[in-house]
Structure formats: C-alpha cells, structure tokens
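Every chain is named by a letter (A, B, C, D and E) in the order it is written, and numbering of its residues begins at 1.
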Amino acid sequence: MLLGRVTGTVVASRKEPLMEGWKLLVVRQLDAENRESGAYVVAADAVGAGVGEVVLYATGSSARQTEVTRDRPCDAVIMAIVDTWEVGGNEVYRK
Amino acid sequence: MLLGRVTGTVVASRKEPLMEGWKLLVVRQLDAENRESGAYVVAADAVGAGVGEVVLYATGSSARQTEVTRDRPCDAVIMAIVDTWEVGGNEVYRK
Amino acid sequence: MLLGRVTGTVVASRKEPLMEGWKLLVVRQLDAENRESGAYVVAADAVGAGVGEVVLYATGSSARQTEVTRDRPCDAVIMAIVDTWEVGGNEVYRK
Amino acid sequence: MLLGRVTGTVVASRKEPLMEGWKLLVVRQLDAENRESGAYVVAADAVGAGVGEVVLYATGSSARQTEVTRDRPCDAVIMAIVDTWEVGGNEVYRK
Amino acid sequence: MLLGRVTGTVVASRKEPLMEGWKLLVVRQLDAENRESGAYVVAADAVGAGVGEVVLYATGSSARQTEVTRDRPCDAVIMAIVDTWEVGGNEVYRK
C-alpha cells in the first residue's frame, strides 16, 4: 500500500457499467516524509474519503478485494483514512 | 486507474484469436494537471472512445474485468470517457 | 499492451518444465513514435513473430491468457504482429 | 521479493473491514548493497517484525498468499525477517 | 521475463511457513546487452541455479506458476538457466 493525499475528483458519465456508483478520487502519492511525489492515481473510494484527507491505497488486483470493487475493473482503491503515521520515532502526520 | 488522451490506433491482422474484435487505441498518459507524460499504453476500448478524447484506463488484471476483455490477454482497457476533472478546487478539464 | 520490436532470442535448456516448447524472444520496447526506449522484456511468442518485426505484447497475469501460456509461469507474451500504427493522424509504422 | 528496513508505523481507525487486525509498517526499500533507495511501501506484517529490522517483502497479488492477508485488499506483506544476506561473496548484512 | 545474474543469497529463519524450503537468491537485472542495471530482486529458485549464473526470471503472479511456488507468497522466481542469448544477430552471452 502507499500513502496519498486526496486532491480532486473525476466525473465520467459514459463508462463500463460495472463502475456504476463509484466515487472516483484523484490521489497524489506521498513519500515517507509526507511530501507529494509527482505520481498520482485515480482511485475508487471504499471508505468515504474526502478531498484533503491522507489515505492508504492499494493497487493492482488487491484493489478488487473490497466490497465496493470486487470483480470489477478497479486497479486502485482507497482502503483507509490515516490517523497518524510515524517514521524513525517522529510523527510525520496526525489527522 | 490513470487519465490519458487517445492519440492513435493500432491495426494487427495476425494475432492471438482471443483479441478478435478489439479496437486498439494508443493512449498517452496524462499527469494530474492534464499534461502528457512520456508514457503510453495500447488499450482495448470498452466504451466507444475516439481519438482526442480524455479517458480513464485500468491496467493489469483489472483490465480483464470488462465484458469486452474478460478472460482475454488484455492488460490495459479504456473503461470510461471523462466529462470533468478537478484538482485543488480548480477544473483541470471539461469535455 | 505495449509496442516492441523483436531483436533477439534466448535459449535455455535447463528450465521449469511448464516452459517446454516456448520460443523466447527479446523484445525492445518502442515509444509512441517508434523509437526504442531502453527497456526490454523476454517474451513467449504466441503468434509466430520473427526477429525484426514490430509486435504488441502483454505483461503480468494477462500474459497467461493465451493458448500457449495458460497456467504457466509466463509474465510477457507477444500477442499480435502489428500491420500499421497511427498517432496524431500520422502513420508512424507500416509493416 | 525485495529487501527493506522497517522504519515506521501507520495507524488508521476508519478502514475497509477486511484490514482489521493488521499491523501496518512503513518499509523503506534497500538496494542490493543495503542502502536505502527513496522508495517505500506500507506493508502488512505476517511475521512479527519490528521497527529497525531488515525484512523481505512481497508485493502485488503474492502479498495475499499469507494466512494474515488471504483474500484481503493487501498489496504488500512482510513475509520474513532477514538473518544474513551475501552479495559477491561478501556479507552485506547480519542481524 | 527478464534476464539477470545471480549474485548472492538471503537467509531468513523467521518467515511465513509457506516459504519453507525455498532457496532465496539475489538476482541483478541485466539489460539487453548483458550489463547490470541497478535493479535487483530476491527470487525463489525453481531450477537449481547458482551464484554467477545468468538466468531468466518471472515476476508478479506468474512467479506462482511453478511447482516450487504454487499458491505461495512468491513474486519472483528463477525459471530457467540461460545457455545463449542473441541480439541483432550477435551473441551477447554463452554459458
């Protein structure tokens, strides 16, 4: 899993029917020190995340193991909202 | 999933039989600000996308979860045509 | 899927038995303008491709969805020989 | 698999129910000479690893093949604690 | 699949039980001209490879399709020992 910050949304009306009902969020990848790297994904939201929140997301086939995404064409899912994260004994982030 | 712009087509007559009937599109990856990165994929089209459109595509095993691609050797599929996308409160793209 | 040019061959006599009978080809990845990037894969051949040909190849679990590779330890397969490919209205390649 | 050093922890109370009970560790990737590369993952812990330890971790669907993670949305798992590792006849690391 | 040179070994006594019996080898990735790139993997050995040998390895879910690794948390496996490899009509490597 990777850490990311939700920074936006995507709207698509013409789509594969199995995507119906997904909230699609733009998630920027964070490095271990809470800095944005250039990378991003568009992820389906399995936990009710909102713009600005720090989240944990899974990619690949593991992104299809949530209730929202099972057996659907999803390769990135937000699976948790982060409360705190520590590296090297220092708190890097607190919600 | 990632955002991309459809920029071209690929034609192949000699191919694995399970690919029969696919429309193969060249999709250039876009970054979160709607700029083309150098990366691209050749994706099967599950939604009737055309050259010039901004799309959402899935890769890996998730690309085999659409009606068009199920149980076929597909590792990239166009699964939605994007209407709008916002980052940081700004509209980055509108169809 | 990605576009590549077949540039070589690999021979291995001591191998996992499930690989028996595969033709193993060195495929250099092409970018969307038909230039070789530094990347390559060694792919199993599902369509009778030869050295010099431009091909389409799939990677990951999708590479196991052809008749030649099903349920075998294959993570890259040549699945089509490209006839033509166009980007931005220009023909980039013709066989 | 890759080698990494456990450097931190992530706490998330609002999460996909199938993640319940996981210990989530920040693992920095090591290169073959035991230097930290910039990359990291947040991995579920299948072996009782602690901060500071050098571990072996698997990613992708293989991360779902442990008792702790089977059929759950996990794309990175710590699967072993490294005792020693040698490259080119030299011991690079000993616990 | 990719080409690599076996350069070392990893020993881990505390590990996921399903890894029991694997020989874990450090494999440095080779480019198409037989030069070491910076990348490496720790792979399970399915063919009796030794340090110094040039091998073919598979990654991802395909690494679980050998007798040694089936249904186990393995994302990289050595599946063949290379005898010869040619690129552009030149022999790049002979065992």
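The criterion applied here is as follows: a residue touches a chain if its C-beta (ideal position, glycine included) is under 8 Å from a C-beta of that chain, and two chains touch if they have at least 3 such contacts.
On a predicted model such as this, the values are computed, not experimentally measured, just so you know.
Chemist: Hop distance check: subunit B to subunit C, minimum number of steps through touching chains?
Modeler: Minimum number of steps from subunit B to subunit C: 1.
Chemist: Between subunit B and subunit D, how many steps is the shortest route if every step has to go to a touching chain?
Modeler: Tracing touching chains, the least step count from subunit B to subunit D comes to 2.
Chemist: To bring subunit C onto subunit D by a C-alpha fit, how many degrees must it turn, rounded to the nearest 5?
Modeler: 145
Chemist: Calculate how many whole Å lie between the centre of subunit A and the centre of subunit D, each centre taken as the average of the chain's C-alpha atoms.
Modeler: A distance of 20 Å separates the two centres.
Chemist: What is the distance, in whole Å, between the centres of subunit B and subunit E, each centre taken as the mean of its C-alpha atoms?
Modeler: The computed centroid separation for subunit B versus subunit E comes out at 32 Å.
Chemist: So which bits of subunit D are touching at least two other chains?
Modeler: Touching at least two other chains: 60-61, 63-64.
Chemist: Considering only which chains touch which, label the overall pattern as line, ring, star, complete or other.
Modeler: Topology of touching chains reads as a ring, each chain with two neighbours.
Chemist: Under that contact definition the chains make a ring. Starting at subunit A and heading to subunit B next, list them in order.
Modeler: The ring, traversed starting at subunit A in the subunit B direction, is A, B, C, E, D.
Chemist: Hey, which residues of subunit A end up touching subunit B in the complex?
Modeler: Checking each residue of subunit A against subunit B gives 7-16, 18-19, 24, 26, 28, 38, 40-43, 60-61, 63-64, 71-76.
Chemist: With touch defined as at the start, can you tell me which subunit B residues reach subunit A in the complex?
Modeler: Contact set of subunit B toward subunit A: 1-3, 31-32, 46-48, 56, 58-67, 77, 79-88, 92.
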